[in-house]
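Shared between the two complexes below is subunit A, which pairs with subunit B and subunit C, respectively.
Now for the complex of A and B:
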């Protein structure tokens, strides 16, 4: 009896031990540090100070957390809206019935997805955005305009980061929507045409409802990835020794900066825990609506 | 007649649009390819044609033989192989148990794993530093393999479990009657059947390890231990104006294997990612 009960857990044991060390311990440790005043001045002799760090993050505007959260929300919403709209339009174009070079376009458009992310970001940082070596500035000078430092201040750095994120993330969206489009029953369109429905009516009444079950989970997944995006903003604007002057922060880079640039581990951990809670709540909500929808 | 010309014009416009889109997509990469083949000094000039005027392999020679590129490549392969072994060993056994047996706590465990996986890994950096220093695994590949394997483990379990669920249990019962024990059965019957899922999971592990620079540069202290990602990161962070051509050459060399793998398995990527749907 005992052996039959214990066997599944024995099979799970290696995975669970690994997860305990690599995932559970860091979360627990972060939770503990979030209750202490560990920072540059209390590096060894830190003590538990209760919920002060949480209060500071949430209610003191100068902590920067709230503005980082705002930036992150704006970042996520903008990225998702642009991705869905462009992804949809491009995928529709790819599915035009008499498009002969479809396969070629599809392959070429997928290349950014296949590139290692950090390489894409670093290539863009120097190859596109840099003032001396960047292609964009070379074009601007050739056309007789002033050079622009694309990463120097918050506004333009934000736009640059969005452009790069779109470049990196659109292929997945295009390919998901394209796959969903191909599974739609063609006869639906034929009967719609007989009823005199135009292109946009068909898109709105047939195409979008039909692809929703496939695209919605992918979009939710991408939303989480976009929300948690760290590499783009970090590598473009705040690498150690190469701060570009932009003080753009999403919540994730905010945590990283507070820990490793200003050594404010207590606050940084508190924000990490807050983020964890936000993500969990958000995923429960989306899970429920996905199941019902 | 009129309708046909209209349609033709429409398709011409569509094709133009797509050509332009492809060009925009590829420009950063084409430019990098161009720089990687051009000699010194070219990069600072105003010239930006996509075909280098005076192609040379000098950058590739330097990166391959004067820089420890091949050593980094070896390290990356080692890290990937180690991570795959650990993650798959842990993942397959757990996924098999969760797929085949209904034991109390199974559903709760799978759920909790998903919730835990929602914690962004970047935020664990500091805790990992503590663990690795405590266990003396700082500056070693073993430490990194543990971290990578742990972070891929939940994905592996969910992905493999989903696939095991589709393998009919009758096949296993038949082999049970033939007297095979559990280990033999998993090794000889289940794993060969689950090959597509194993390959996809392994490739996701490979891509993760290949792309991970933050932990690698933080926990590996000497450049001889660096993975490719860490090495390339280091290369661009030391005076990138001078090393930019070298960096482009290295980037292209490091991307080619992934591009090849990607286009080989592309059709599984969408379904594999969304069906697993756990990472991210």
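Now for the complex of A and C:
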């Protein structure tokens, strides 16, 4: 009996140990550091100071944090809606029966996803948004308009960041929806057409319900990636030496700016643990709504 | 049989997983055989035979995050001097050196013996208690010939922690084919020249500068008597003189493109800007672009208050890790003496156009005749070392934010300064 029970654990043990080492241990260690006064002035000889860092971290959740949270929610919702809508429409287009060179289009659409994020962001910063060298301003001046600093104020910087995020993230959504579309039984459409269903009715009644089980987990995953997005906003507007004047902040960039730059690892860890709790709650809520849906 | 194999494989996987997590004594180089490091063996560099040296050689590892060819130059110069004493220096490049030192700086087994880095991080490492005072190892006479500015930059609380090797500061670099007339002697004349010779819509500029970067605005801030951080570690962003400087810089910024490093260097190198305010690190790229380069010192340009522009200077120097000082003190002392010699400064000047910290290096005719080095040395008369207190670590962000808000977003300088001061105070409080 014991051997029968032990055997599956034995087989799973390598993976479990790996998870323990690379996922659970860092979280637990961060939790431990959050209870200490580890900072520049107590780098080696730090000691446990209880929940002091959490009290300070909660103070960090001030009006600036709430504003950043609002920006993050808006950022996440807008990105997800646009990604799902555009991803769906582009994938439908790629699956149009008479489309030629579809493999070429699919390959080209994958290029932004294949590029390292850091390179893509720097390319857009200089190659697209830059006032002197950027393509957009070249077009504007060629048409006789004034140059626009696309990253200087919050509104336009937000739109610029969304444009870049879409460029980088759409390929994943397109390929996921495209894959899901391939799995739909064509006879369903033929029956619907015989019953007189138009394009939108087919899409609403057949396509969307059919791809939902595949697309929903991808959408949830992308929602989390978008929620904790750091690199686009940081590298476009906040990188040291390249600040643009925009004061756009998501939760993660705000926390980075306010806690991580200080080299106070105790405080940073406490903020991280609080963020971890927020994301876990968010995850539970999302999973529940997914099940209920 | 299958069950046995499956169980065996599981056990093997567990063992290998745990083995992979075991502590290695070598995070990338133990100093004896560094991967990708810059090693100049005493034998090859000095041309001496194995027999003339002590049986055991003490290998000293220096971490850096700079130009590897410069490090090679230092190693090639110093190792022959140390060969007879059985000491050898090895340079290892570590990207993100500051973070690397935070991880390994206090680790005798895995950390370096010394590091070479700019002086503005010194306060951070001293606060972490990972550095040894140089006077624990060598006499003050070792750096007696160094320029006072460079020596001062290596001190925290009056204690010398950094041995200066070379320094850099901002210069007025201009394209002789594009610049018309003499270089202005006042900033107002410069501004008038910029107004007359800049066409922003056409993308042609008289002068470009990283106008929203603290380092590049320092000539104005220091010239007006303002400050970013005082000696006690207090920020001075809302000091009236700092605000005055930021306001004054604003009108120049409007004529200097977007202030992005890539933009301004490209504009200058492509001949779309007649001059650039930048450091000697730009010179190789400018020369490669085929520009007939002229160099002037910012010290020769005065502000409306009569003060000369006073840029920050960055001093590159050697710090000694406390753990290494305890175990390899004698070898490190010999290395420091060799590194402080004028020959190192001369070699760096010849190889990389660096301005030596050692004043004796300037007696070399090749060094003294170098136009860029001469301008840097001249600027040292008004330049101020970047603050090196630990608090400086968190100051760059608020200052750059303030400058970008004023120059690129049109925010009122006084309001931006108050916000940046509050952010700086909060960041400093968060360090504790």
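FYI, the second predicted complex is superposed on the first by the 210 of 293 C-alpha atoms of A that agree within 3 Å, B and C clash if a C-alpha of one lies under 4 Å from a C-alpha of the other, contacts with A are read in each partner's own complex, and residues count from 1 in each chain.
One rule holds for everything that comes next: a contact is a pair of C-beta atoms (placed from the backbone, for glycine too) under 8 Å apart; a residue touches a chain by one contact, two chains touch by 3 or more.
Worth saying up front: this structure is predicted, and the values here are computed from it rather than measured.
Considering which of subunit B and subunit C touches more of subunit A, the answer is B. Contact with both subunit B and subunit C is seen for A:21 once the two complexes are overlaid on the shared chain. Contact with subunit C, but none with subunit B, is seen for A:152 once the two complexes are overlaid on the shared chain.
In the superposed pair of complexes, A:41 makes contact with subunit C only, with no contact to subunit B. Once the two complexes are laid over each other on the shared chain, residue contacts for A:247 go to subunit C alone; subunit B is not touched. In the superposed pair of complexes, A:186 makes contact with neither subunit B nor subunit C. Residue contacts after overlaying the shared chain place A:263 against subunit C, while subunit B stays out of touching range.
Looking at subunit A, you'll find residues 7, 11, 14, 18, 21, 126, 132-133, 141, 240-242, 259 touch subunit B in one structure and subunit C in the other. Touching subunit C in their complex are the following residues of subunit A: 7, 10-11, 13-14, 17-18, 21, 39-41, 43-44, 56, 126, 130-133, 141, 146-147, 149, 152-153, 240-247, 257-259, 261-264, 267. Residues 7, 11, 14-15, 17-18, 21-22, 25-29, 31-32, 35, 43-44, 46, 48, 86, 89-91, 93-94, 96-98, 101, 103, 106, 109, 113, 115-120, 122-128, 130-131, 146-147, 149-151, 153-154, 157, 207, 210-211, 213-214, 229, 232-233, 236-237, 240-241, 244, 247-248, 251, 254-255, 258-259, 262-263, 266, 269-270, 273-274, 277, 280 of subunit B are the ones that touch subunit A when the two sit in their complex. Contact residues on subunit C toward subunit A in their complex (touch as defined above): 6-7, 10, 13-14, 17-18, 21, 102, 106, 124, 127-130, 200-201, 203, 210, 212-213, 257-258, 260-263, 266-267, 272, 390, 393-394, 396-397, 400-401, 403-405, 407-409, 411, 426-427, 430-432. By the touch criterion given at the top, residues 5, 7-9, 11-12, 14-16, 18-19, 21-27, 29-30, 33, 90, 93-94, 96, 98-99, 101, 105, 107-120, 122-128, 132-133, 135, 138-139, 141-142, 167, 172, 175-176, 179, 214, 217-218, 221-222, 224-225, 228, 230-231, 239-242, 252, 255-256, 259-260, 265, 268-269, 272, 275-276, 279-280, 283 of subunit A touch subunit B in their complex.
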